[in-house]
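These notes open a run of structures that come right after.
In what follows, chain A forms one complex with chain B and a second complex with chain C.
Moving on to the complex of A and B:
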């Protein structure tokens, strides 16, 4: 089986960029990824573009072609991907599948999104869905889990806040993060209540931004001048997408899909939780990081609050989580997030992460989750990268 | 204000429309003749065997499994704040997501018994009011 290799990454600082467009941000990171890979535009033979909200917010469609043509990537298959928060991870999975199938040798994946706009209210899973019509906004879905996690496992408000404090500390070390100022448990808990018990600083900020990666077959990576064993030879050990199911009554203490996807990712990558050096996961809300750490096997179920409190997931700890700052500090331009997670892991595995470098990182895992449905999730992506 | 009788329900087949104020509304689900379900909301086909489904009366009482209060940017003309939760129904082992009565926030807690009511609540996104189901605190028995 072909093992795809990530040979180029492109990133820009996330934040409020009212003067930028989805296309020009996407073009900036696509160009950076091409230059990083040492490839010409004509070397790319397939493209995947992820975006979630431009159709609704701006009336745009099929933006991937607009982005890729800006950087001379044309005449090739281009696919636009929408899968809520996992759009970027889904696009990457499709790119890897194309390489494994022998349909492409070098594939560009770009995610670009603008959500720092006034017309965006609290995000939901789909406007016409019954749950949405009955008031299920995204933070409420997570808050309902937080309430139950606190009741059943004794998870505390302080532990929830510590996720935000940790990821802000990490974000302070990342030039691409939207929020770089440190915060405290007191400041997090005294920020305005959004959805009980989640305060504003426990909710990821809307942001504008873009990220890109170039993934290639091993043969193409060699022709680009890389060799297995080089720090820049970052191989894709697993890249998968799972979807939820209708099970009722649904257990809100966990997403079954999260556990199932994690188990499959570890199986495909031929390793386990103890082998992972650095994790990027979907901390759209603080409780999300706590529950996802449990699903990834970084701690037993129910002990995600204790895990963050122990310092194990802080830079320098046993298994640093969201050293980029995560969605909470880097910001969450929805369609770009999944790709930005991969850019962070590649920089970590290459040893190029500067002040937030996890020493000697060899295995990185990215997890993302998108869309509520029937108390489960519509999509969950897992990517394992190694060198 | 328009009387409830002239206001559209948020969706059809989700709850019974009470003929008068003294009849309690019930939630509606669906099940197939092979005994799969009931499911909520009612699916078009049974997701297990693909048979057609018939309507099932799910009753109008349940207890809170989890709840929360949304305090900012209410959608669909909802009041600020408003409450939502997952309710474990009494008559079937189903956990359903629903609006909760925003006038009894102080009385909400996990395990609290609630009853369904239906009334004008919020709009369709363009200002037209809609009937929505919401669970409110059940009267103490006895």
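Moving on to the complex of A and C:
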């Protein structure tokens, strides 16, 4: 089986960019990724573009073709992908599948989104979804789990807040992060309550931004001047997508889909939780990071709060989580997030992450979860990269 | 003056025929799984049965989880000023199905895990036109 190689990345600072458009941000990072890969526009033979909300917020459609046309990539197949917060991971999985199938040698994946706009407000799970009609907001599914996690495992408010404090410290080291000022447990807990027990600083900020990667077949990577063993030879050990079962009664202490996707990712990558050096995961809300760390096997179920408290997931710890600052500090332009996670891992594995470098990182894992249906999650993506 | 209408958030969600509301669920006769809202088929991938029936769920269940939404839900939801935080709960019913909904008549301090609740039906918000939007709710017993 062909093992795809990530040969180029492009990133821009996430934040409030009222003057920018989805197309020009996407074009900026696509151009950067081409340059980083050392490829010309005509070298790209397939494109996947990830965006979630442009249709709803701006009435736009099929934006991927516009983005790629801006950088001189046209004629080739271009697919627009929407899968909520997992859109970027889904687009990447499709790109890898195209390479494994021999249909393409070099594929561009771009995610671009604008969510720092007044018409968004609190994000919901789709206008016609019964949860939305009932007034349940996206954070509610997380808050319900936080309530149960505290009751059953004794997870504390302070442990929840520590996730935000840690990811802000990481974000302070990342020039592409939206929030770079340090914060404290007191500040996090005294910020306004959004959905009990999640306060505002425990919810990721809406942001504008874009990220891109170029993934290639090993043969194409060699022709681009890379060799296996180079720090820049970042291979894709697993890239997969799982869908919710919506089984009832639900397990409201975790997401079954998360555990199922993690087990499959480790199996396909041929490694286990102890082999992972750096993790980017979906910390849209602090409780999310705690439960996802358990699903990824970084600690036993129920000990996610203790894990963050122990410092194991801080830069310099046993397995640093969200060294980019995560969604909580980097910001969450929905369709760009999954791709930005991969940019971070590639920079870490190449040893190019500057002040937030995880020393000697060889295996990186990215997890994202998206969409809600009856309180369950709709999709979960896992990507394992290695050098 | 025109009467304000009552609008249901969806069709076939609850049954009022016995005076008190029950949620309408689908029960698979082959594998025993319950589904809400009602469905024309069984969604259990391991079940080959196609024989489903529509039935009413028990009227009472227990609070499994809860939260308080201190921020107004987005559209289509309409909230009044000042906004009253909404208590929502996941309620497990004896049939083994968990359903999320709003609580009525309790504050954030009063709601507890394990609390016995019953299904009620009431207004969850009032549209700008004055029409009331009706859904199921849960109330402590």
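As a working rule, the second predicted complex is superposed on the first by the 387 of 387 C-alpha atoms of A that agree within 3 Å, B and C clash if a C-alpha of one lies under 4 Å from a C-alpha of the other, contacts with A are read in each partner's own complex, and residues count from 1 in each chain.
Convention: contacts are C-beta pairs under 8 Å (C-beta built on N, C-alpha and C of every residue); 3 or more make two chains touch, one makes a residue touch a chain.
All values derive from a computational prediction rather than experimental measurement.
Visitor: Based on the superposed arrangement, let me know which partner A:248 touches: chain B (first), chain C (second), both, or neither?
Guide: Both: A:248 reaches chain B and chain C.
Visitor: In the overlay, answer first, second, both or neither for which of chain B and chain C A:194 touches.
Guide: both
Visitor: Using the touch definition from the top, say if A:321 reaches chain B (first), chain C (second), both or neither.
Guide: Neither chain B nor chain C is touched by A:321.
Visitor: Just to be sure I follow: which residues of chain A are touched by chain B in one complex and then by chain C in the other one?
Guide: Touching chain B in the first complex and chain C in the second, residues 121-122, 124, 127, 130-137, 140, 143-148, 151, 192-197, 246, 248-250, 252, 375 of chain A appear in both lists.
Visitor: Provide the residue numbers of chain B that touch chain A in the complex, in ascending order.
Guide: Checking each residue of chain B against chain A gives 10-11, 14, 39-41, 47, 65-73, 75-76, 78, 82, 84-86, 88, 93-95, 97-99, 110, 125, 132-133.
Visitor: Going by the contact rule at the top, pick out the chain C residues touching chain A in the complex.
Guide: That would be residues 9-10, 33-37, 43, 45, 64-77, 86, 88, 90, 92, 96-98, 100-102, 108, 113, 124-125, 135 of chain C.
Visitor: Would you pull the chain A residues touching chain B in the complex into a rising list?
Guide: Going by the criterion above, the answer is residues 121-122, 124, 127, 130-137, 139-140, 143-148, 151, 192-197, 246, 248-250, 252, 375.
Visitor: Would you tell me which residues of chain A are touching chain C in their complex?
Guide: 121-124, 127, 130-137, 140, 143-148, 151, 192-197, 245-246, 248-250, 252, 374-375
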